[in-house]
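Pasting the structures in now, so scroll down.
You will see chain A twice below: alongside chain B first, and alongside chain C after that.
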Partner chain A sequence: MSETNDIARLRGVGVKLGRSEVLRGLELGLAPGELCVLLGRNGAGKTTLMRVLAGTLRAESGSVRVCGADPSRSAAARAAIGFVPSLPDLPPWMSLTTAARFARRCYPTWDDRRLWRAADALAVPRRGRISKLSRGQAAGVQLALALAARPRLLLLDEPFAGLDAVARDGLLSAFLTEVDLEDTATLVSTHDLDIAARIADRALLMDGGALREQAVGDAQLEHSAAALRALLTQTTPGPDGAAA
Partner chain B sequence: MSLLALTHKELREQAPAFLVAAALVIVGCLVTGWLADDLFVDSATFAHTAAVCLTAIVAIAMGCDIGARERNEGTQEWLRRQPVSLGQVALVKLAVLLGALVAAAVVGSESATVASRLFASGASSLQAEPMVGLILGGTVALALWSMACSSFLPRGFLAAPGGACVFALLALPAALHEIVMGRLRPDPPIGLWLTCALIGGALAALSSMAIGSRREWATWKRAGTVALAGSIGIAPTWFEAGANLAGVTTLDLSSPNLEVRSAFLHTDGRHAFAMLRDEQWPSFPVVIDLETGETVAAGVLGDDLWPAHTTVSTRSNRFPFGVLHKQDGDSEIVGSDGEILAIDRAELSAADLEPFNTIGDGGWTLALPAGGGWRLSRAGSGARAFVAAPGATPVTEEVLAAAGWRVQYVEGWLVDGLWIFRGLVRPSANGQTITEYRSLDAEAGELLAVDWMQARDSIVCALADGKALVGDRARLSIVDVREGGRRDLDTSGRKVRWWAGTATVLQATEGEGSLSCVTAVTADGSIAALVRADGSVARWIEPPPGSAGILCLTALADGSIAVLTYRGGQVLRFGPGGDEPIATALHW
Partner chain C sequence: MIDWRVDTEAPEPPSQQLVERCLDGIARGDLAPGDKLPSVRALAGLALVNHNTVARAYRELDLIGAVRGEGGRGVFVTEAGPQIARQRRAATTWSDFERALETALRAGHSIEDLSERVRTAESKRRPA
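After this line comes the complex of A and B, so read on.
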């Protein structure tokens, strides 16, 4: 796939948090319709990579482009991004309805029908406050909001962590049903190798702030999963001991 | 659209603090209105205090929270991901905070107004409190400061103890009153309260800085706690200071200590401009209807915080106005209804003003517009022309010097078109300073000798037909200013210590035509004499003992004489037969 068509493109991205070099020389492109799974042990830099792509963390070196603009500086680029964090971070007083009222005024591509469809599929209450919802319901609210914005780049940062099997499958099903598989580039970080194997077009293995392997196709994904298992059994910490 | 979304979010998040504070202040206003005396409840001080109080509480409750909220709630990342700039977020937060402060001032003021309407007995009073604007401005600055500080506090709930420190700062104005004015000193219980607020606020701030707090409270709990603590810490001291301030800045016409410091009759013959006070200071300029006793404030008193030096002086022969001189040196022209009149002073001429008074920059001289009239300037003030008449040669310092006058001081009276001057002069360079009198022939522009004025004489009143009442401390005479004849008034055996005040010309009183009235101070106090045109006294008017004299009097349409007394603020009416006076209390 041509680089010029990439929705997101990272070139030589380096990030330091304090003295720790969390990302270094990262090269990554995400094409439309591509569903990419990011694998790696804790502290590998997955969440940092997600934050750089989402524009909430500025790269110290290299360049970050989403839809042709730096998302940390461009509101238009951020409007093209949907993000589901590992922990809900909406204002706790918001419900799905009030959060949608806020987002509707901010995202030009907002789609109410998709919101309510996703909400129904995820079985999340429309008026319950975030602070009163279960972990799975809160994740569902954030996924529904992310999908309703019709993002060009969808980032899911360990969305299945802490969910039971039913909630996890419901989230996965809603996500796969509503996401624009042809237009949207999706990056999902997870520790769940089974899910990675089920949904990924491409798997990226991160270690020590850099991409160690890429796997495309079932055989390579199997190989990548094996590499991750091997990585997880290692006792040595990451290069900087940084936690992402 | 994104600004709307952000505004809605901020309003939703800050509403609890505002509502809790507003509810407490509204209840506080109702309780205060019920318990406090009318002098405070029915004064503007009550509304101002409530406005400042609620604004201060909202400033703290919202200022401490609105900037730090995103970090406290863990929503910074979410906000940064939104397609809005952080600059927009900050702008909206600032706008919401400022809007809330304005709303707080309005809600506080209106709450007190409603409480006043519900509980006050209907008394009215004067006010002079521009300091409120200063305090409100300071409160806005405090809110911004709190907002900035709260953004740097490391833990969420630190906003509350941090706010407690600011509560103490907000309580400081009550203590500052002690410095500004001793009578505003807090009462002992309130002083203790204030001390506790200061110590508690400082301890809370120190502990929060040293220890911190990781306790996570819901939004409404945090905001409500800050608002509640703010109300408890601020409201008592502020309301008490407000009540004390009201005692000073309001004028109670029913006060037994009420005094009329000075007064003179309006050209309409019915109203008097007067300076009233019921405490040591300040004095309030008012207009009094001498027929009904109804009193209105003269001018906009709110322009001066301490109108101690505000005076009403100068009346017009042609226009119904008095001049309200203010502390800052400015002056306003006010009518008999107390309202400021838009009269172009450049259009005034000498004939429009009663001489022997001042208009313009203050001081002791008559200073009139230069364009069409007379100008009498103070010697040494830098003005070169001392007396100028249209079409005549100005009487300059050189003219005066040629007449042998080396002027130290000069004042003048205008009687029937003739200027009469009293100058403190030195006839020669080495001579002693003496008092001399001259009159000015406007057409000739010459100073003529006046031999009928004697040392210490002043012109008390200009009468018709070129006559004037001339008096020194114990003697009052009627003179013809052109011919120079002089005849003393018969004091009917009364021992007059001195003649005082500006005399009043009464029209058509008791069927005797024009009478002039002058006040005299005798051993028994101030009395008034009604003087006929021939210089004889038609009638003496003596106010009852305890009133300490007459300041102003007039003839009413029914032939009675209305007198404004010095002490007690009463209008006395004497019938044509000189019967016992009927007293009318001054009222708003």
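After this line comes the complex of A and C, so read on.
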């Protein structure tokens, strides 16, 4: 995929949190139609990378471009990004309907039909307060909102963490049915190697603040959980899981 | 009903597993000529794999002639589908059968016992 088509491009990105260098000289291009999975040990910097891409954390060095602009400075770039954080970050009193009323104003590409279709597929109640929902349903609310925004860059940070097996499969199935892969670059971080092997067009491995990519030959376009596990074993855990 | 869910611990890549599931379904008659396969999106949700993996499996099935994509209408089992599927399955079926036979003979079962088993299995399959 040529670089000019990339929806997101990071060049030489460095981020320090306190004294520790969480990202260093990081290079990444994400093209439309790609579903990339971000793997790495605790503290490897996965969430930091997600936040840099989402524009909620500014890189200290290097350049970050999403649809041609720096998302930490450009509202237009942020409006092209759908972000599902690892823990729901919506006020607990909101319902999907009230949250959508706020989100709708932020995204020019917002699509209500898409919202309700995704909500049905995710089995999310339209009016129940988020505080009253199960963990899987709360994750579903965030995902439905992100899909309704029709983002060019869709970021999912550990969306399946902490879910029981049934909730996990339900969320995964609805995500795979509803996501628009064609025009969107999707990045999903996860510790779940079964999920990674299922969904990854590209498997990116975070190690020591930089990215490695599993070499994929012509014959082997897909990943096996065992191969990903072997790769992950070769990496080192980060200095501080809580910070990164 | 076809169980579409792929196994990520299996040595075959997910798209290849989907190809095999489809061929099994066609060979068994669960999917008949003219039957429509699930849409790429729907199958992605059932198999828990991404769209590109399903599309890759459908391209492979199209290439060997078992299914045909008809523009925006969907993907359908071809007239030749069952024959193609059975031929593709035959090789695997025979090698599995021969391996089982080998094991049975090594374990000391007689040819007569085994033939009797085959006949019993076949009569059970036939509708009464």
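Keep in mind that, in the parts below, the second predicted complex is superposed on the first by the 214 of 244 C-alpha atoms of A that agree within 3 Å, B and C clash if a C-alpha of one lies under 4 Å from a C-alpha of the other, contacts with A are read in each partner's own complex, and residues count from 1 in each chain.
We adopt the following convention: contacts are C-beta pairs under 8 Å (C-beta built on N, C-alpha and C of every residue); 3 or more make two chains touch, one makes a residue touch a chain.
Nothing here was measured: the structure is a model prediction, and the numbers come from that model.
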{"item": "Touched partner set for A:T109, first chain B, second chain C, both or neither", "value": "neither"}
{"item": "A:A54 touches, of chain B and chain C: first, second, both or neither?", "value": "first"}
{"item": "Which of chain B and chain C A:A79 touches, first, second, both or neither", "value": "first"}
{"item": "First (chain B), second (chain C), both or neither touched by A:L176", "value": "second"}
{"item": "Chain B versus chain C as contact partner of A:D194, first or second or both or neither", "value": "second"}
{"item": "Touched partner set for A:T97, first chain B, second chain C, both or neither", "value": "neither"}
{"item": "Partner chain in contact with A:N42 - chain B first, chain C second, else both or neither", "value": "neither"}
{"item": "Residues of chain A contacting chain B in one complex and chain C in the other", "value": "none"}
{"item": "Chain A residues touching chain B - in the complex, by the definition given at the top", "value": "51, 54-56, 75-76, 78-79, 81, 83, 85, 89-93, 98, 101-107, 131"}
{"item": "Chain C-touching residues of chain A, taken from the complex the two chains share", "value": "33, 35, 169, 172-174, 176-179, 181, 193-194, 197-201, 220-226"}
{"item": "Complex interface listing, chain C residues touching chain A", "value": "6, 8-11, 13-15, 41-42, 44-46, 48-53, 56"}
{"item": "Of all residues in chain B, those that touch chain A in their complex", "value": "1-2, 4-5, 8-9, 12-13, 73-75, 77-78, 80-85, 218-219"}
